[in-house]
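Pasting the structures in now, so scroll down.
There are two complexes below, and they share chain A, which is joined by chain B in the first and by chain C in the second.
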Partner chain A sequence: MKIKDVSVRIAGLAGDGSLLAGEILAFTLKRRGFYVVSVKDFPSNIRGLPTNLTIRANLERIYSWGDHIDSLIAFEPSALKNHAGDVRNGGLIVVDEEFDLKNFQPNDVYFYSVPLRKIARDLFRREIFKNVIALGFLGHAFNIGHDELRNTLIFYLKGKDEKIIEANIKALDEGYKLAEKFVKERYEIERGSDSNRYYLSGNEAVALGAIASGCRFFSAYPITPSTEVLEFLAKYLPKYGGVTIQCEDEISSINMAIGASFAGLRAMTATSGPGMDLKTEALSLASMAEIPLVIYHAQRAGPSTGIPTKTSQEDINHILFAGHGDVSRVVLVPSTPEESFEFTFKAFNIAEKYQLPVIILSEQAISQNQQTIDNIPYNENLDWERGKILTDEMALQYLTNGKSYQRYEIKDDGISFRGFPGQRGVIVRYNSNEKTPDGFIDEECEYRDEMVKKRIRKLENIINDIPVPEFYGKESAKNILIGIGSSLGAMKEAVDRLNEENYGFSYLRIRSLLPLHEDHIYSLTKDKNVFICELNSFSQLRSYLSRIWGRKKNVFSIRKYIGLPFKPLELVKEIKRIIKKEI
Partner chain B sequence: MKRIISLKELAERTAGLASGHRACAGCSFPSIIRMVLGSSDYPVVVSNATGCLEVVSTIYPYSSWPCSWIHVAFENAAAVISGVESAYKALKRRGEIPQDKKIVFIAIGGDGGTYDIGLQALSGALERGHDFLYLLYDNQAYMNTGIQRSSATPFGASTTTSPAGKYLFGKVQDRKEIIEIVAAHRIPYVAQASISHWGDLIKKLRKAYEIEGPKFLSVIAPCVIGWGYKESETVEIARLAVETCFWPLYEIEKGVYRVNYKPKEKLPVKAWLLKQERFSHLNGREDLIEEIQKRVDEKWEKLLRLDGLKVF
Partner chain C sequence: MEKLLGFEPGIKIYEGKKSTWCPGCGDFGVLSALKQALFELGISPYDTVVISGIGCSSKLPDYINANSFHTIHGRLLPVATGVKIANQKLNVIVTGGDGDGYGIGGNHFIHAARRNINLTYIVMNNEIYALTKGQVAPTSPYGFVKGTTPYGSKDRPIEPCLLSISAGATFVARGFSGDVKILKEYIKNGIKHKGFSHIDVLSPCVTFNENYSYDYFRENIELLNGPYTSREEAISMIMKTWKKGKIPVGIFYVEEGKYYELDIFGSEDYSLVEVFKRQRKLKKEELLNLIEDKR
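What follows is the complex of A and B.
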């Protein structure tokens, strides 16, 4: 039987090449026409602690890493101990023969204890080659053409020393040879149609989205799990006439972006929870001074330093409520690389149209994990909507009329014309104090009431410009699952499985937290049992959504907070438990 | 008090950083911290900013720290140690700790947490005059997040955010002169050291522990991954930095500059640069190597002019 869905976990220690071997396999499967989802589980120090990469490949588009794995390569005894239980019956486990296996009882799996390290030492004098040998072993077991893996290997090692490339190719050959001796039953991996799809992470998609949307100024401070945006834009933004600046801290990186936006460029900063703590003051300022700004925030497990390299949805409250006073903002929540791109593009349009900060709330599981996607959702009809901008003619009018430019002119829609420093005829005055329409401090509070109302009026129409929640399933289903971000894949598969057992389920994935499509969500959920899944312990999403239902009784929480995204089976089990016990 | 203790004696002292931490093979800071802790005859309290050192040294269920230790956010090591030191003062005043009990307070940060995000807190603590040692281990980039440039990264070095390629030759800006910035606070003791010259390093530490008020010690911390060299070459790389005068060993004690080591034969900086992958793109770019040499020479000559002078 040909296999259409396959998952592999490669587990070892950070720095021993497990991640690289996994990536090469993932890319090979992508080239074979599979949709691939990868989940990296790695520590925050560079070397020496357990790390693993799970890849799942399917001929149809998938979003989840599934429940079980088909095969495991364990480079360390601890890796075997931690992950062997996840291998499904009939699966495959490859370990080094140097392990002490006295206390290990494999389930119903093909278990191969092979001399990975020994070959690496004998042939290359370096154990690090064990990862490519293991890759070759897997290639044979999966019946993947030798040349397919070799081509990807060469692609990944491009630019390295010739000798290193040669040695790696030899290591791959050794892996195939080794497998021929050991493997009892080979899998037949299917081949898909399209081998030219994109394989990219959320961070890469955000960086591409920023370039496509005309962002020409990016300033940030390195922080996991959003640093790759900084690295990507440092490399590519200058080619598009833009500037990327790595700042001395989180505070200056957001304030620099504020400066660039004031000066007229589309500007963005990127961060994670601890960085957002420091950026909060500037968020208030951008809202009060009406400065368009895009903030990309990839969540990690907190509080404080927390678990820097693992995912969470713990910053919902923080992102929605950070800042003192009535701070306005927009919060978009992507789930996939496509949405990471699309929402970044949208974020700049919203930020400039409504002249306020827009936050893209992602998370480690999306930002640092790669997925195969069909297309980057870009076409030439997508416009850079810059909103109300003071033209040079308008600016000159001020000079002719001898009036001072009203940066904060009271308008029916709450949005005033944005002029830029240096425009002839006007002095551009932004202010984070409460102010008069021309930007002077309003100590007498003469304009306070009008100014507050103006800022509120701006918000009324945003709802038309933001992504609506995604609804999946039948409206007649009596149960509905709600979630955001990385929960997408598990929600989809859980709903399908529950429906196979006639549980009557649908899901609603919220893609914009602020503004919130309250009426829409209410109409889809009011007569149903509501299950809210989220990656935090405080039920932050549930608390926030409860404004929609008031004290509705049949709302249930499913929470997980160990730094990993949901698995479909976890949701299915928990939902069944709740239904049995409470409904 | 002895001004210097031997390596043997240091190894016998139990107060050093315990082995079994998860630093990369060849990492330099474990050796530095062993000397820092082992050189103190007094109880030590450490405030440790986020970074490689903090991440690798206290992983459940083990800790390499034989002393009281608090991990604080990236920019706050100096602020938190200020609080700790002041609290001890108050406890002494209240008689809860004997007046004559000497305790050493150490704030430890990497270059990111010192030159960049933590500079404000450091400056505040120096200006207020707390009795503490600030230890900077300078590996010249953000290594823990994957090698991004910092304001300590040298001119010409390639990092992921100052990548060498078609458009750039690595970092285009020079390093901040942190020693001069700190010295401008007119604190009693500022020094620069290297593990390759361990006697000098221990002497500086032991001197610092006896001085009342703020002290600052900057130690070069070669990084196998970020700099790109063989694990076995760490001390050699540190030594070459000293021998080429890229990293002069000197101190400013009560305002008096003193160069502690003058190489008999000053090696060209190229000898240090081209041993590291982060500078490997400079191979063949004699113009850039010359520029780096010029900058090193300027700083070294300035230092020689200051040698022995009292500047405050």
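What follows is the complex of A and C.
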């Protein structure tokens, strides 16, 4: 039987080339028609600390990296020690023959100890080539056409020196030859129908979404795990007349975006936890001055510097509540590259329509890991909804009608027309202070009450513009699992498995935290046992959602905080344990 | 005069709200010099944006008839940078105090200077935090005794003009708000200059800083014979003047050349907001071309 679901981990130390080898294999499998999910587990370090990439490929669309791995390539003894236990029975492990294996007892796996480093040294004088030799070895073991891997290899090395490309091709050949000598049984990997899908990270999808949304000003400070947005837009925004600026700090980058928005552009900034700490005062400003602004926030493990390169859902509280005073905002939470794109487009429309900051709350596992997707959900027919904008003609009318323009005019829906500096006929005044309708400091607090009410009225209709939670399963199921972001894949597979065992499960994936579809969530959960999974230790999601149920008793937390997304089996086991013990 | 459309010509067109500054505040002189400078240059209120931070002096935008953004403490330069890049046709004036610009906003000050963005930054320097009722500022002298430094400040003061010259500003001057006529000329030159113009203005706080009165400044300032031809010379002349116990004023340094917006857009006439207004959504095919190497 041909294999339809395969997972491989390539593990070593930073600088070993594990990530590159893994990406090449992933892309080759994608071109073979598989859906690929990848999980990078790497340090905040350039060389010398443990790094690995896990890829899982399936002929059906998957969102999770699965539980076990079928194959492991370990470039270091520590990598073997740490990951061999994850290899399923009947799987395959490739290590370097120079390892001291005295204390290692492989399970029931095909275990190959082969001269990766030796060949690299003998033929290329550099051990780094071991990664491509190992890739060739795996290619043979998986019965992947030599040319398929070679094509991807060349594709990935595009632009490199000819000699380096040639050496790598030779290293790949050597890997195939080596495997012919060693491999006892080869796997047969299936082939899918569509080899032309995209393999994209959340960061790339957000950057692309920004361009599609008409964002023409992007200012940011490099920070893991969102820097790729800055790199992508630095390269492509100028093509559309736009500007990308790497600023002196996080504070400057959000304030520049605010300035650009004030002047009439669609503007965005991007960051992660520590950066958002610094941007908070400007978040409060954007809310108070009623500036449309999109903030992309990719969570990483905290607090403080924490683990910069690993995922978390620890910033839920911060993103929902950051800023002094009654700061209004919208918080959208994507799970996939498609949603990262789609929510970015939505974010710009919501920001302009309601004149406030919109935060796209992602996380490292989505922002930096690549996935195969069928399509970019770009609908040419969706408009840039710019909301209430004062046209030049409308501005000129102020010259004849004897009225003066008021940036913060009190309106029934709370939303006033935005004029822009430079327009003839209007003087446009923005203010971080509480203000009069025409934008002057309200020194005598004459308008405080009206202004607060105006800002609250703006929020009333946003719920109609944000993504509703995704419900999966039968409404009659007596148990429901709730989660956000990267938990999607594990939730889906866990629910399927639990249902196979007649546990009666569904899941609800929340895609907008603010505003929250409270009534909808309540009606789907009120009579059920609720399990909330989240990647933090404080149960931040559960605490936030508890407003929906009050003191409902049968709500249970499943938490993980080691910097990696959930695996399906972890959820299944924990749910079974809770059911056995508590219900 | 299309630029002044809808306004009766005359300096009154720049008239804003009545100010709430203390009577005799140095900032009145700055406001007056700024309005006259705009008037003499014939720049319309429509084309001008005044962006400020937090503090007494940062309330200036309310007192002038022009587009404005009263932002947050120390962040006026980043906001102004965003505005200027979005629409370089605007005349962007940035106004704030010494605590705002050299203290909490110090990092942005250095980087705006080094970026050489084409805007005019006027700092009303009273060597004190006044809006919070009198505390030591980064410009206050060593040994300064106030509420938060009852035993005398142990910090040495910053020399903002030395800082901006060495950071890369291309127009650096210091004026005195007691001499509106000269200050107005500095501001006019600063506005006309293409690049980052930094004008530090000695602006007495008559309520909380009796040491630095109009009389004190009149007696102690020394007008330098600038602008000097090199940064080194400007720095050296400023330092020599301080060593003599005098406060250097004047236009210290001017350098013509490429500025930030010209560098990124390649033209003085390019307005990103205008370009954006004319843009239509991308065709799907066009968008997907950007990620062609991702499949």
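FYI, the second predicted complex is superposed on the first by the 582 of 583 C-alpha atoms of A that agree within 3 Å, B and C clash if a C-alpha of one lies under 4 Å from a C-alpha of the other, contacts with A are read in each partner's own complex, and residues count from 1 in each chain.
By definition in this document, a contact is a pair of C-beta atoms (placed from the backbone, for glycine too) under 8 Å apart; a residue touches a chain by one contact, two chains touch by 3 or more.
Computed from a prediction, not measured in an experiment: that's the story for all the values here.
Look at A:Glu248: by the touch rule set out above, it reaches both chain B and chain C. Legend: residue contacts after superposition of the two complexes on their common chain; A:Val109 is shown touching neither chain B nor chain C. When the two structures are aligned on the shared chain, A:Tyr378 is found in touch with chain C, with no touch to chain B.
In the superposition on chain A, A:Leu459 makes contact with neither chain B nor chain C.
Of the two partner chains, neither chain B nor chain C is touched by A:Ile169.
More residues of chain A lie in contact with C than with the other chain of the pair chain B and chain C.
By the touch criterion stated above, A:Arg197 is placed in contact with chain C alone, chain B being left untouched. In the overlay built on the shared chain, the residue A:Ile128 is in contact with neither chain B nor chain C. Once chain A of one complex is fitted onto chain A of the other, the partner contacts of A:Leu101 are absent, as it touches neither chain B nor chain C.
In the superposition on chain A, A:Leu320 makes contact with neither chain B nor chain C. According to the touch criterion, the shared surface of chain A, contacted by chain B in one complex and chain C in the other, consists of residues 248-249. The residues of chain A lying in touch with chain C in their complex are 155, 196-200, 204, 208, 211-212, 214, 216-217, 219, 236, 240-243, 245, 247-249, 251-253, 255-267, 281-282, 284-285, 289, 376, 378, 380, 383-384, 399, 420-433, 439-441, 443. Per the touch definition, chain A reaches chain B in the complex via residues 15, 44-49, 221-224, 227, 230-231, 234-235, 238, 244, 246, 248-250, 274, 304-305.
Within the complex formed with chain A, the residues of chain C that make contact are 5-6, 17, 20, 45-47, 49, 51, 54, 59, 61-62, 65-72, 75, 77-87, 89-90, 107-108, 110-111, 264, 272-273, 275-277, 279, 281-284, 287-288, 290-291, 293-295. Those residues of chain B lying in contact with chain A across their complex are 22-25, 50, 52, 55-56, 59, 71, 73-75, 112, 115-117, 119, 142-146, 148-149, 151, 160-163, 165, 167, 225.
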